[in-house]
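Mind looking over this structure? Questions follow.
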Amino acid sequence: MSGNIFGTLFQVVTFGESHGPALGCVVDGCPAGLPLAREDIDRELSRRKGNCGEASTSRNENDTCEILSGLFEGKTLGTPIAILIRNKDARPEDYDNLKDVYRPGHADWPWEAKYGFRDHRGGGRTSARETTGRVAAGAIAKVFLASHGIEIRAWTQEAAGIAAPFEGDRDFSLDEIENNALKMPNRACAELAMEKIEKLKAEGDSAGCIISCLARNLPPGLGEPVFNKLDARIAGAMLSLGAAKGVEFGAGFAAARGKGSELNDSLEPNGTQSHGLWKTNNAGGVLGGISTGADLSFRVAFKPVPSIAKRQETINRQGEKTGLLIRGRHDTCVAPRAVPVVEAMCALVLADFILLRQSATL
Amino acid sequence: MSGNIFGTLFQVVTFGESHGPALGCVVDGCPAGLPLAREDIDRELSRRKGNCGEASTSRNENDTCEILSGLFEGKTLGTPIAILIRNKDARPEDYDNLKDVYRPGHADWPWEAKYGFRDHRGGGRTSARETTGRVAAGAIAKVFLASHGIEIRAWTQEAAGIAAPFEGDRDFSLDEIENNALKMPNRACAELAMEKIEKLKAEGDSAGCIISCLARNLPPGLGEPVFNKLDARIAGAMLSLGAAKGVEFGAGFAAARGKGSELNDSLEPNGTQSHGLWKTNNAGGVLGGISTGADLSFRVAFKPVPSIAKRQETINRQGEKTGLLIRGRHDTCVAPRAVPVVEAMCALVLADFILLRQSATL
Amino acid sequence: MSGNIFGTLFQVVTFGESHGPALGCVVDGCPAGLPLAREDIDRELSRRKGNCGEASTSRNENDTCEILSGLFEGKTLGTPIAILIRNKDARPEDYDNLKDVYRPGHADWPWEAKYGFRDHRGGGRTSARETTGRVAAGAIAKVFLASHGIEIRAWTQEAAGIAAPFEGDRDFSLDEIENNALKMPNRACAELAMEKIEKLKAEGDSAGCIISCLARNLPPGLGEPVFNKLDARIAGAMLSLGAAKGVEFGAGFAAARGKGSELNDSLEPNGTQSHGLWKTNNAGGVLGGISTGADLSFRVAFKPVPSIAKRQETINRQGEKTGLLIRGRHDTCVAPRAVPVVEAMCALVLADFILLRQSATL
Amino acid sequence: MSGNIFGTLFQVVTFGESHGPALGCVVDGCPAGLPLAREDIDRELSRRKGNCGEASTSRNENDTCEILSGLFEGKTLGTPIAILIRNKDARPEDYDNLKDVYRPGHADWPWEAKYGFRDHRGGGRTSARETTGRVAAGAIAKVFLASHGIEIRAWTQEAAGIAAPFEGDRDFSLDEIENNALKMPNRACAELAMEKIEKLKAEGDSAGCIISCLARNLPPGLGEPVFNKLDARIAGAMLSLGAAKGVEFGAGFAAARGKGSELNDSLEPNGTQSHGLWKTNNAGGVLGGISTGADLSFRVAFKPVPSIAKRQETINRQGEKTGLLIRGRHDTCVAPRAVPVVEAMCALVLADFILLRQSATL
């Protein structure tokens, strides 16, 4: 109900502003007895900080966490797991010139319209830094899902208009993803995209991207019809990311242009690991809001980073026209850092449904 | 939460199977004192039944409702409003041949994997008929929103690959929408699309579509960061529709291919009705998950109706390969009937946020 | 949440005003595959109507229900189960004189302060008739619990100041409960209490009562610490009943006056059916909010029925002093009708926890 | 739905084990613009530690907090407020002998039955130390309520069988409460009770108590019928406290023995501060689950502290009979420390309803 709590049984609350003392999360509902270590969380935080000099932020986000509760002798207790991540390398003074103006493409003005005032230091809680708590919580969800054999993998499908091959294509490689700075499944594409991003950066501009995500080895039957469908929850989770502008499952928007005879996934007797009992997976692993046993597959569209280095027009608190030049440290494209964030949100949804599904039958 | 309850303060539960005795909903949390009549609901139910002979279902869905509670002397009491819609023209025998097989592109198999058994008569609650309860609830939300001056309009943006002009284009007409069977904002496009749909129908095939939706006169400040964002909730609501495969806001997937300098919406001193204080509305009326005062604007992609008249391959309960020819009465394309359904879900989300926003400030 | 939805996984919404067209409920989250019949519900509705001429209401509440959804071939589908109960024998004209005055001891004035206007016909939804929907939902919960071997039994422990023997006493008899009009576990006490109630009725007065409830054969481990404890949820459920003024578990208020050495329940190796592994059950079957394996045992205090036949002082809508003589048909004491209502609410809580407990461990 | 999150709009999650690194809470939904300082929280934490040498714990609980998020320039941002309290003076080794046995009257055995294993160090999260996070969150709720003019006062009504005068009695003094170690509203009673508690302590035994609570200056109209009633939520909040065994409102259990003509609260034209428009307040400030404008008034019964210094019988993990002598530092009676805890939970419920009530009318 308030905006910062997510989930039904596997629940998480995140907290923290970009330039406040700390960020973090509390995970409530993680089953007892799960082996968990601080390293499980730090590993994902490290993936979130990005690793490409130019494509990524220049704020130093070498985040490490402290586990405040919920663990005993290396295993979860069934009590809330609180995670603390101290903010380092904060430079609130970089944002002094934003105190009285509203940045184009940002939530500055709507936030103030809603709450009456705002934290202008890097956007406060509307900053992408807010996702740190999500990644920490998602790391726990991933460990829980791994104990059920479920794996989640995301990558940059497209960045600055350069598209990587799709899963199943000959040139697509899951192994390549973590090897290049943009986390693309094809090295040549990654290099091309990086070039384009650096050119945009040099122009003081920014780029959008599309992140693909895959959840493998899902049991059939996840998802709660009708409003709490698996894809409904995933869609809500993805659009809860600040820069996300769209989401699609399986054939997605292309399905709107196709024919039933081509798009219907048929069942066949002998299943496969990735498709379950289905000959094709145009559904993206979900029918009627319930997982089909095929891989869950979806894509999320992110707009270009709104903080650009070009002079922009806007208004100030007095409602007067004014020019604005944004300083501070900013990414040019949310890829590759959005990759672990998308994985984290997907993991939180799936962990919730794993717990929920047990109540479907007697 | 179980899957059939939606919302936080303006809440709805829907019930009913396609060929059971009745469908309906209970709306809880609608404020007291709202003038409401049965006609407000029947009008939307009538829009849902479709009005194009060929594009629409041939099941007779002349639904009318009974208001069971929550009203006194023509006004809402602040108590739950229960709506009952009796199922008429049910022909469960049409589905006898589906008892032991799983339809391609439908949720038959996943449902049975989850719940152990299923209602094979028209898909039970996975049928599009389930949306009847949503439309009834949405009608109440619309009356509530109208009391705040908010209007919601949806239309068929694209059907069977034929795209209508976009809002703002010279050939786009809101007035045209309710004048043609497909609810397209341009008559010529509607005729072209209808031709194509009838051709597909004749071939025993089906078509997908894209529905656009607009909410006008929204106050700024709707939406609860970070997980309960306005767009997150709308996205979840849209993907809770059975055949939906994607959703996008404002510039949507195209934003992933653009540049920040082109896509950033700037603020300017003198607002307009449709854009608020913003020069452009690439954001689709939502930034940081909060309404901006510009029109909320999004699109939903629907896959082709999976019930086609062609022979398909599938498996039966014994896991053996078998052929299937689907009988029964089915639409060829979810447009135009998805139009009031999309509006209804949008209304339910907005009504919830209208109530929620009052708690943002002291 | 709005106020008319209860539960987390086994959820119920109730609807209906005392003199509106109908009452009912929707149960969402009942697992699939449970054999259920209309008779299971009508039986509990029949218990709710009371059976003692003088102690009970004189409104004819021979309620029977219609199951609108959620069943297929005699078993639950895992979809919402909607139950409809038509209001019969309504006499709204009995309440005309209440239109402009506020009844002492009733919620008339607070309701109007909250909602701006009210349904004066028998109190609308503040009437005890509102519990009809709860009893219908509770009947489903009871069937579900019975499939887990759990049984719930409530009785009138005390009425009009006459106390029945406690469970475990020689003169206490579970078998007697359904044999006397007041549902007391001892016939002599029941007769004494009934005499006293009839005397009060003759005087135009009313009486309070205490209802005891027992849940037997509960598995240990039900309840979710810390806020969602088993006793916390039961307490909330009981105080949600209009006339309830208190609840206590096990030794209850007497525990506040005892010593730890006397009240601590010790564990011993060989368990019993009613006490589990515990030598005594001063805890009432719950420690730290978690069921102990001993019988859950609690009592609920109900105030006298506020509708009395004596002339009372009050104010009218203009805020002026006025006298009031309440007409209409009213019980003198909420016992025995509160007995199945307490059972129903207890069943709804326990059904929820049965579903929730599966998520505690991996 | 997991157990550690409380509230609908004004929400709180608490975390932390008795002998883990830290405890704390996250408050989500506190409106923006509320002036808040660390001292507001530390003051309540200090009240919680108790101040009577003998009646209180000997563990050093000089807790102070750190505010990790949600504040900017001394005011709340409308974002989550995370509070961190480090555990000091932990002596987990005191509990080594509890590793394999289950303490009588404690949740050790049920916890292990539920979660498979447990934190034996002082009971982990079942320790009364868990209430630290509640008190911190409640402190924020109190500041919010104070901005609405609402004040909450609790006191020890009865301890070790010694009852203080009731509110309204000549010998009752609100001013006295914070002046004596037991927080009783009468000094002589406090001394008597303290004597009795010390005697019990010397015997290795423990005592129960009753805490009274009053909320003054409540607006009428708080509470959401029918399941989310004001008293239902308060009752649930109180029974969520580990040692609570009962709760009653207004006349409470005594109402069950009274007559309607005596207990009905009548309305009269000119209101008073404490009673609103009501001549009496037997209802305890709530009718039909809605606040009446009179003071909210309720009492909570707490059992004796189960950790006593006498040798007790129990079983070990192998199910064998064994003797147990509990070491560690323990209170003899939960009063006076329960006083600020009861206030905190009451504040959390009321803050929630203050936010919720705005949605009752158009």
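So that you can tell them apart, the chains are marked A, B, C and D in the order they are listed, and the count of residues begins at 1 in each.
By definition in this document, a contact is a pair of C-beta atoms (placed from the backbone, for glycine too) under 8 Å apart; a residue touches a chain by one contact, two chains touch by 3 or more.
Just so it is clear, the structure is predicted and the values come from calculations on it, not from any experiment.
*Asks:* Name whichever of A-D and C-D has more C-beta pairs touching across its two chains.
*Replies:* Answer by contact count: C-D.
*Asks:* Return the chain whose centre of C-alpha atoms lies at maximal distance from the corresponding centre of chain B.
*Replies:* That would be chain D.
*Asks:* Can you compute the centre-to-centre distance for chain A and chain C, using the mean CA position of each chain? Integer Å is fine.
*Replies:* 46
*Asks:* Just curious, how far off is chain D from chain A if you go by their C-alpha centres, in Å?
*Replies:* The computed centroid separation for chain A versus chain D comes out at 39 Å.
*Asks:* Quick one: report the Å distance separating chain C from chain D, using the average Cα coordinate of each chain.
*Replies:* One centre to the other, that is 26 Å.
*Asks:* Counting only residues that touch at least two other chains, what does the list for chain C look like?
*Replies:* 1-5, 8-10, 14, 29, 32-33, 78-79, 114-116, 125, 225, 356, 360-361
*Asks:* What residues of chain A sit close enough to touch chain B in their complex?
*Replies:* Against chain B, chain A makes touches at 1-6, 8, 14, 102, 104-107, 109-111, 113-116, 125-126, 130, 158, 161, 200, 204-210, 220-221, 223-229, 231-240, 242, 244-253, 255-261, 263-269, 277, 279, 282-284, 286-293, 301-308, 310, 312-315, 319-321, 357, 360-361.
*Asks:* In their complex, what parts of chain B are in touch with chain D?
*Replies:* 1, 8-10, 29, 31-34, 78-79, 144, 147, 225, 355-356, 358-362
*Asks:* Which bits of chain B are touching chain C when the two form their complex?
*Replies:* Where chain B meets chain C, its residues are 1-5, 8-11, 13-17, 20-24, 26, 28-29, 32-33, 66-72, 75, 77-82, 84, 114-119, 124-125.
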